[in-house]
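Okay, here's the structure, questions in a sec.
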Amino acid sequence: MLSVVAPIALGVLVLAMLLSLARLFRGPSLPDRILALDTLFVNTIGLLLVLGIVLGTSVYFEAVLLIAMMGFVSTCALAKYLLRGDIME
Amino acid sequence: MMHLPVVMVALPLLTAIGCLLWGARAVRPRQSLVTERAVSQASLLVLVVISIRLIVETAAGHVFVYRLANWPTPYSIALVVDRLSATMVALTAVLALFVQVAAAGDEDGRGRFFHPLLHLQVMGLCGAFMTGDLFNLFVFFEILLIASYALLMFGGGAVRTRAALHYVVLNLVGSALFLVAIGMLYGTLGTLNMADMAVRAAQVGPTDRPLMRAAAGLLLLVFGLKAAIVPMNLWLPPTYHAASTPVSALFAIMTKVGVYGIIRVFIPIFGPDQGEVTGIADPWILGLGLATLVVGTLGALAATELKQLVTFLIVNSVGTQLTAVGQFTEQGLAASVYYIIHSTFLTAGLFLVSGAVCHQRGEIGGRLSSGPAMHEGRALGYLFLVAAMSAVGLPPLSGFVSKALILSATPPALQGAVWPVVLATSFLLLVQLSRVGSVLFWNLAGDVPPPGSKPGPHASRGPALGLLSASVLLAVFGGPVDTFCRDTAAAVYDREAMIQRVLGDDAPTPKTRDDMPVPPHGYVRRPQPEVPVP
Amino acid sequence: MEEIVISVFLLFGAVFVLLGSLGLVKLPDIYARLHGPTKATTLGVGSLLVASATYQSTAGPGLSVHEVLVLVFLFLTAPISAYLIARAALHLRLPGRGVDLPADEE
Amino acid sequence: MTRWVPHPWLSLVVGIAWLLVNDSIDPGHLILAVFFGVTIPRWTQRFWPDAPSIRRPGRILRLFVVFAYDIVVANFVVAKLVLGPNDRLRPAFLEIGLDLDDPFAIAVLASMITLTPGTLSAQVREGDGMLIVHALDTDDPEAEIATIKRRYERPLKEIFEC
Amino acid sequence: MALALIVLLPLSLFWLPLVGRRFGRHGAAATAGAITLAALAALGVAARAGLTGPVQIVRLDWMPRLGLSLSLRLDGLSFLFCALVLGIGALVVLYARYYLAEDDRRDRFFAFLLLFMGAMLGLVTAENLLALVVLWELTSVSSFLLVAFKHRQPEARRGARRALSVTGLGGLALLGGVLLLGQIVGDYTLTTVLASRDVIVAHPRYPYALALVLLGVFTKSAQVPFHFWLPGAMAAPTPASAYLHSATMVKAGIFLLVRLWPALSGTDLWLWSVGGLGLTTMVFGAVVALFQHDVKGLLAYSTISHLGLIATLFGLNTEMAVVAGLFHIINHACFKASLFMAAGVIDHGTGTRDMRRLGGLARSMRSTAILTTVAAAAMAGLPPLNGFLSKEMFFKEAVEVGASAAQPWLVPAVATLGGAFSVAYSIRLVWDVFYRPATGALDHDALHLPPVGMQAPIALLVAVCIAVGVAPGLVVEPLLLDVARSVLRAQTPEVHLNLWHGFNLPLLMSGIAVAGGVLLARSRHGLSEVGRGLPDLPAGADAFNATLGAMFRFARWFSVTLNRHELVGYVVPVVLSVLVVGTLPFYASSWSGLSGPLPVSPAPAALIAFVALLGLGAVATLRFHRRRILALITLSLSGLGSTLVFVELSAPDLALTQLSVEVATTVLMLLALNFLPAESPREVTLPRVVRDASLALLFGLAMAGGMYAVLTRPFTTIADFYVATSKSHGGGTNIVNVILVDYRGFDTMGEVTVLGVAALAVAAMLHDTRIPRPRASGEGRAWSPDRHPFLLRIMSRPLLPLLLLVAMYILLRGHNLPGGGFIAGLVVGVALILQFLAGGLDFAASRLRFSFVAAIAIGLLVALLTGLAAILFRTPFLTSTFGHVHLGPLEFELASAMAFDLGVFITVVAVLLTILTRLGRVGVEPTERSDA
Amino acid sequence: MEVLLSLGVGAVAACGIYLVLRERTFSVVLGLALLSYATNLFLFSVGRVTVGAPPIANPDAGAVAYADPLPQALVLTAIVIGFAMTAFVVVLALVARQRLGSDEVDAMPPRKEPPG
């Protein structure tokens, strides 16, 4: 069962990524694009979790953890740039 | 004794760390400078002593194979120190010592971290000259490059910044290509140790030949970029011109890294008797060498400023080295080793002299037109005379000896191409350098030095004298030096002996990925306490 | 049994992640779009994490609960990201369909 | 005690998190959990100088249950809205006057609002203590505000400010 | 020993005059004189053994494997030249002692003179051809210094440079020639070379060798068309001219001609090149000399002419001619040196050397007039002087050799013509200076009469001219025979020097020459129209200048005009080179090498998506690169794609690293972007865009092709060793990490060093860089007043401990599972960056009260010391060890590599903090002024 | 898989080179970043590509069961070095803009300044 569901889930997540990507390219505003990138990071987290199940391994867990963290930080930095220009004043 | 090679890398790093920690204690940046100078100088002296020891040992026929982390080669990174490596390392140490003394006048206080950066640069150079591993060579290239970026920017200023921007971007592209080249070689040969590469390169089949040629070409390009070989020579003059005087003197050895890389790759790996990859780039190297020689000379003729002239002399010297290496004979290599030693000291000395001249001429600086008298015009004039004679190849200095060595090494079949170029470029340099010396030291607009100019930096005269005295010493002791260079070249060409030494008696034969389930017996290192004795 | 649990969470999670992205594409303005990813995606990933934890616990050598950490982390950060993006959108005075923007500056 | 464990709750969380992330309660990991539980909060205290103390920890669990329920509901609500036509949406910016004073409590509130049905914290105006919330689809802003205050703000006030 | 002393005394003590000035006003001259006399004495001692026996040789190996040894020989020829160099040298020193009495730089003059003398002595005694070249060049250099002695005068500088250029050119050619000779013979020893004529002459490369050697000879001896440097060199102080440009240096070329005569001569090539060019030079020099106005100029051209005469003699391939040539060398040295010194006396006395202003000096400078007249007569070849004898011999040889030519009259006629001009300019010299009525341009009462010290050397030389002329058999014949024997050995002819040979053809020719000379001298004003054009003939100087000028112009065009020092100018050649080296090998194999034997494998769907993300991100970056913030977002996209490709292709560590680095890079770029324009302007030129696009496309194709070629080939690798030993011998299951900290820990050591240096470099660059923050965004929008958005500021605080915990987790497990010091360091770094973002630089930095630079140093130190610790256990640097540690109930595995990883961790954190805080501190509050 | 990766790497490299040839420092920095992605992937791939076989040693599996760990280690080093270089060049671009008054890569120094 899992061998059927997991690839389907994978496909669904890839579709989600494509949608996020579409928003990223379409914009129109920079906050839109930052949001799209942020969503893409989260999509990726899901994708890796499923991939771990598909490939039967847990070595992607750290990647998941780090994507969550790094995606968040880069979103913060980008948004703060829009607000203040200097992100570390 | 056994650990000497790694000390040449570890000590500069340790010194840099020490200087940084000491400097961090100081409230004001200049406060710690006195201590840093002393530590830095002492450390360089130790390096010089060690490197001389390395030369002595290797000259006696010993080859250091230092297997880092105590794994067998080719799986570990090995430092391989033969005569050539020892020579280059010693050259680096001595040069750095002179540069340090020259900079310790006041240049080192015009920015931050001069001494740490100097030592890190030395570390990169020494590592690059000693490593027997291609990827490790890349790493040390990066160390010496990033240190050179920082040193290039040392002292600040817009001109320097512009030059640095170009230099850095170009070298980043070069580093990317280096990785690609390493990738292609690893992807074909499956190893990174250069001796092992030589073993495996000899075994590649004809279908892999194009790939190997492309990889070799890329490596040539990467080394050529470092060495400023035509057509990638253009960056060097503005870059070196922009650097502060001691830094540009230190850079005299940077181009040699590229030439050294060519020697280490194109003789053992793609050299003679290597099956499909035999002499893969030979004609290119000689041709490019000659072209570089011509282009460097033309640049020297076109120079309108003293330091700029010296930068073109470096291009010229790169061309000369490559012309000698590119003959792919032991004698040619021997000549090029001699020339490398000669030109490193010479160009560094010339930079120091030029720096002092530019400084003492006041506003006009190094412009090649009639200018004021200098505080130390006479001393500088004599130094310049010696340097110029050596650069042109006038006897009785090392420049002459090296040119004679190169010309006499040229096999008859190549003489028609090599001799006219070498002789004609020497002649043009003679014309230009006599003009330059005459303008700077004889065509004086007044008897007194310009107001406001200072006689200093005093510290640079001693090092300049020291560096240029190498031109005399190398000539006076030309016999032993020549013999050493010939033995050095012979060792580089003795591929079998090198492979034996690096890979040991049980040099592993390539294993396919499918038939290696357990480590072969010979590879197990622990619990053997004994260190592989080189 | 575990397989069914895993499959359900897997599908549920994937669909909600997709819904989040769909909202991102479909909704009319930036303020509306922010809702999709911050909510649906968070829950979706949460479900996937549960699926993963279950899977790794059954397939792997021992209990796998470290996924909880990711979940906690996502729950902590998703509102911050959304807040910052909304803040930026308000600062840029990006129009929201059918709403008047509150005064931007304090 | 406070010298070594300035934030007992945080220490607890860190220690548990260590065991969680390692999937292990080995003696070794227990020791490490204690070690990090002490050292990390101690070192990070400087970045969180005014950390609130939890007055009524018992209320946390109740709030958590409410919150978890709301999250699941929120997702179905948003799913419906996403799948429905855009012109049926009735968005609005709500301005909520805050009764909370502790910044951390306010932050927790704002986060919870974002994660729950149809609302999203867009700005905290520290000057006048207003929280600006974007509601995706609301017909009665006042009711919405009241719900938020009731379901989240009050419990938080109890937890953090007694 | 004495032989070595001859050379070594002046060569090694040349600097003594610089010190000698301490011993009084004329200490320098005295020192120089003493050294010269000592060398002369040494020559006497060395020659005592006689010059008739086998040559004396001392030998000192210098560079044996090159074939360069410092060996000296003393035979008749070298004795003759030593005697000339030292004898005339001594006289010149004496003369210069007075001539330069007022010059305060005379100590340097004498030093240079000694240097030259030593080089010259070495040259003429050299037994090794390479050593000869060494000393040959040294004479050029010392001559350069002497000519430029009065370097304030432009003509002195120009003359010196030109002399050096031309003789240097010859020297380089000579080096080539000598190397060729050495390679032909197999030895650079003169004795061997001289005995190998048959081998040399028969060798196919003989013409090249000869050409190169002769180029050296002709330039040094100022033969047409290389003569032009000599008149320019007359800017030298007169003693130097007398010494170098009449007696010695210019004779070095001639010397070499004789030296190698036994080895190279006897061929038609030799006859035509040496004889032909010599004869041309002789006539040319004589003709031009007549029309010179400067006394020294006249003497210079006369020297050229006489050198041509001597060269002609050596070119004739007969033994008797060689004897005549040697004889004329001696004679010319005597009369020409005395004439130069006389010219110096005149110059010294009147302040001018222009013959148009001089005149009537016979009365006021009687003794000089007489001496000059006699010497000039010798130069003109009048009996009973030495010049007459050698000229007669020359005429005789001209007749004999010419007889075998198609036009038997041609050579004698040309010789006679040269002789006639010789007579004419001699007459002109004496007449114009001394005997014609005074021009009035000079104040004869203000003349500065020469001291005896300046007269004596002239008188001595003139006396020699007379003595040789009157009693040649007594004075010069034994020496000449010794010299001739040293060159000709068994072929030495019978020679009897007599003033009177009876009436014969040479005497007739002499008569014609004298008559013609008188005629020419009388009618020279009529000829002056012709003459005026002569020095302007498109002669060597102009051709030389033009060639060099063109060379310099070409060099400027090539190096300056072609290179505009732009970045693309550096990068494009690299790209082009990549295209060449990357495609040529495949092209040469008809593209068959592009695809290896392995089949391609199908791509999983996820990989397709990830590669698409990577590629789309790159393309989007390209598309949006002018909108910078957007480009950063798309760059992250590409980085994310790259991360995911690593994930999919089994490289978790890489994925983690790439991801963390990605974020750090984004933050870094955002920090920088604040101070850069928000947008790049559109680049207008379509051709450039097209060019760059094609280059980029081809580059991408080349890279794809190369990669494809690699991936489709079977492959053997050393990597399985790591797989097999990582756990058992390296103590870790994460093979990549074990490679990084153990097998290839040295790379990692280098890598963190690079990081450290980068941070130092950034700190150094930004140390004093302060840039006012822009008041508004690129679009002119004012910044939000919300400096630290609330939710981020508050919620980042509980996040920090959580993130640090994650970092510790990653650090500790790295050896066995994905992670390690580097990634952990990045996590901590990013966690702290978050604090900077949330609370601001001051908030966060004030809580990190340690020197980041020192922390870098400490991190590196930890890594380094871990490596060095291995040395204490007598194992190589970085050797790691691992084992199970039992502590009460605990049992865990520890590897020393973990300490190394800790060093990496500390370094990475410190580097990130250094770089980002330095960058963060760049911005300062804008002032009114900075807005303007 | 091989074709896909080759084309992907080629595309990224092409974009990188195009950007490196632009006139503004920021574009060049972007180009260098892309170029380093491409080269890192290239170097990574030469160990041949495998799905689902991360090189975490499991004593039960044979050697073939893992992706080649060596290029991974090399690329890791390369990424780190690339980061150091990127950091340097970004700051250099900033300093250049400040000192040269323009962010053009070929901007000329504002006034005559003696070198050396």
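Labels A, B, C, D, E and F are assigned to the chains in the order they are written; within every chain, residues are numbered from 1.
Definition applied: a residue touches a chain if its C-beta (ideal position, glycine included) is under 8 Å from a C-beta of that chain, and two chains touch if they have at least 3 such contacts.
Small disclaimer: the values here were computed from a predicted structure and weren't measured.
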Graph separation of subunit E and subunit F (steps between touching chains): 1
Furthest chain, CA centroid comparison against subunit D: E
Distance-maximising chain from subunit C - centres being C-alpha averages: E
Pair of chains joined by more contacts [C-beta pairs], C-D or A-F: C-D
Chain centre separation (subunit B, subunit F; CA means) in Å: 26
Distance from subunit F to subunit D - Cα centre to Cα centre, in angstrom: 40
Averaged-CA centre spacing for the pair subunit D and subunit B, given as whole angstrom: 61
Cα-centroid distance, subunit B relative to subunit C, in whole angstrom: 56
In subunit D, residues with contacts to at least two other chains: 17, 21-22, 110-111, 121, 123, 126
Where subunit F touches two or more other chains at once, by residue number: 20, 25, 28, 38, 40, 42, 45-48, 51-52, 54, 56, 63, 70, 74, 77, 81, 84-85, 88, 92-93, 95, 105-106
Multi-partner residues of subunit E (at least 2 other chains): 565, 567, 571, 632, 648, 652, 673, 703, 706, 710-711, 715, 717-720, 722, 724, 744, 747, 750-751, 754, 757-758, 761, 765, 784, 786, 789-792, 795, 798, 802, 806, 817-818, 919
Touching pairs among all chains present in the structure: A-C, A-E, A-F, B-E, B-F, C-D, C-E, D-E, E-F
For the subunit E and subunit A complex, residues of the former touching the latter: 605-606, 609, 613, 616, 620, 629-630, 632-634, 636-637, 640, 643-644, 647-648, 652, 655-656, 659-660, 662-663, 666-667, 670-671, 673-674, 773-774, 777, 783-784, 786-787, 789, 792, 803, 806, 810, 817-819, 823, 827, 830-831, 833-834, 836-838, 840-841, 916-917, 919-920, 923
Residues of subunit F defined as touching subunit B within the complex: 20, 25, 28, 32, 35-36, 38-40, 42-43, 45-48, 62-64, 70-71, 74, 77-78, 81, 84-85, 88-89, 92-93, 95-96, 99-100, 105-110, 113-116
Residues of subunit E defined as touching subunit C within the complex: 781, 784-786, 789-792, 795-796, 798-799, 802, 806
Residues on subunit A engaged by subunit E in the complex (per definition of touch): 10-11, 14, 17, 21, 24-25, 30, 33-34, 37, 40-41, 44, 47-48, 51, 59-60, 62-63, 65-67, 69-70, 73-74, 76-78, 80-89
List of subunit A residues in touch with subunit F within their complex: 55-57, 59
